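Below, subunit A partners subunit B and then partners subunit C, in two separate complexes.
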Partner chain A sequence: MGMAVNKVGIISCSGEEIPEGTISRIAALLVLEKLRYDETVTICLPLFLAGSEEERVFARLFPTITVDGCEKRCAEIGTKKYSGKPAATIVVTDILKKYPNLNLKSRDELSAEELELAEKVAEEIAKKVDEVLEQKRGPKRRES
Partner chain B sequence: MENRKVAVVACAGMDKALGSVARDSIFKVVEVLRPGKVELVCLPPLLAGVSAYSEMVKNLPVVAVDGCAERCATKLIVKNGGRIRGRVLVPDSAKKHGLTPKSASDIGSDGEKLVGIIAEEVASIVDKLTEG
Partner chain C sequence: MSKQKVFIIPCSGIGKSLGTVGRKATYKVVGELRPDQARTTCLALLTIGDEETLKMIRENPCVSIDGCPSQCSKKNIEVSKGKLVRSIMVTDVLRNHRGLKPEGIIKLNAEGEKLASLLADEVAKEVDKIEGDDK
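Let's turn to the complex of A and B:
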């Protein structure tokens, strides 16, 4: 294709049913707006799955990372269906297993503890972004 | 008609502040304004084709809350065989009330006001559908 790969598409679940959906959304936004501002773009999941050709073409041409809130893995399934296998996948409930004492409550406003979890998920996404870009264009040193 | 519920499907868009407003407003309806009257339909499984979610939009009257002119919530309800009985387009209300939310991650005070307005609009549609 001859195209320089310098961006990764982040496709986040944002599900409304459980707090993990909100965690996935906040974590993805932290990566997009702060941690990896220059290296990432958002792919709007509703638009992507509702049939936006622009979003789907981007996801076909550039690597993607899906961020799912739960085991239904809607973002991952949708991405595979419409654009191909994501370069990396993250499921919030998998990360949550490392914190058995953390009890998520809010789908709306996150508590300090929940925000801390969102930050940890964001760091995992940022790490995956670096790995994906290194695979595509060779290693590059950067501060996390 | 007692115990009748209404399904609400909202935009979960990531790249616009109005998507965050749509999402927050339905939490307010479900948790504060009309608890017990509304089934919040999680958008991603509806998009991914999980049957329990498409059944919900087929079997209940549905209110769509769209965050932008793409109207993804509306399209997905129709695609899943749902009957839309009420619609709210967040940009229209934002324009009408002169409110400009800041960003997707921080909707700001205008965004919070708009959440309240949209939530009341949805609650009013829910009342009409459950009482009518």
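Let's turn to the complex of A and C:
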């Protein structure tokens, strides 16, 4: 089955229990709705288990970037297990290390500071989207 | 003896307003309305079969909240052999409040927030019933 090269699949953890999960969800949505609206698609991670083969084929149709809130890496593990190896992975707690003074508190309404972090995570996802698309499109350009 | 807690588990609902409604309602129940009786966990932990989480949802009553007919929360709890005692669809609550037009995913509009509050009230009532059933 051929992989679509014009779109990248963004798969976020659900992360209900921790603020980092909400950051990963909001960051993924910022990419999908604003930063790379035309280049990205998504699927709910739990649909890999709840759904059918139609859903599980997702990572074979699109190169994927997983976005996880914590070291449990549910999005990365779940995508690998049910659908296919992600093209790139992001973990919010890794990015947080760059901001040691930032103390995440809310898993519901993000503060201005937390929203700023979500925007930074979104920018990192967007960079990865560009890299993945460049890798996928690159060989085609050279052929022509 | 440690008291059982009711697990409220919303779907991830990444691309849908009703997914955000379910998530917000969950936070209202576990954070404000029934903080001592209810808690939540990450649905994705069920998807990957995290042992610690599986143990908790098998030992405690669970309520699923789903935003769309795929019913990811309900199905993940069932496949994980969790103790699913109630299954709630956001669309059913919306049907009872037809005037509301929830919109937005990152940020819900006022009607989405209203629906989340109404849903939270229903979930809180279910928590009370479940606690009553257990006594």
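Rule of thumb we're sticking to: the second predicted complex is superposed on the first by the 132 of 144 C-alpha atoms of A that agree within 3 Å, B and C clash if a C-alpha of one lies under 4 Å from a C-alpha of the other, contacts with A are read in each partner's own complex, and residues count from 1 in each chain.
As a working rule, contacts are C-beta pairs under 8 Å (C-beta built on N, C-alpha and C of every residue); 3 or more make two chains touch, one makes a residue touch a chain.
Model, not experiment: these values are computed from the prediction.
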{"item": "Superposition on subunit A - do subunit B and subunit C clash or fit", "value": "clash"}
{"item": "First (subunit B), second (subunit C), both or neither touched by A:Glu33", "value": "both"}
{"item": "First, second, both or neither for A:Arg25, with subunit B first and subunit C second", "value": "both"}
{"item": "Subunit B versus subunit C as contact partner of A:Ser83, first or second or both or neither", "value": "neither"}
{"item": "Which superposed partner A:Gly51 touches (first subunit B, second subunit C, both, neither)", "value": "both"}
{"item": "First, second, both or neither for A:Thr66, with subunit B first and subunit C second", "value": "neither"}
{"item": "Contact residues common to both interfaces of subunit A (with subunit B and with subunit C)", "value": "12-18, 21, 25-26, 28-30, 32-33, 42-47, 49-51, 72, 74-75, 77-78, 81, 107-108"}
{"item": "Touch list for subunit C against partner subunit A, complex", "value": "9-15, 19, 23-24, 26-27, 31, 40-48, 50, 70-76, 79, 105-106"}
{"item": "Subunit A-touching residues of subunit B, taken from the complex the two chains share", "value": "10-16, 19, 23-24, 26-28, 31, 40, 42-45, 47-48, 50, 70, 72-73, 75-76, 79, 103-105"}
{"item": "Interface residues, subunit A side, partner subunit B - complex", "value": "12-18, 21, 25-26, 28-30, 32-33, 42-47, 49-52, 72, 74-75, 77-78, 81, 107-108"}
{"item": "Of subunit A, residues touching subunit C in the complex", "value": "12-18, 21, 25-26, 28-30, 32-33, 42-51, 72, 74-75, 77-78, 81, 107-108"}
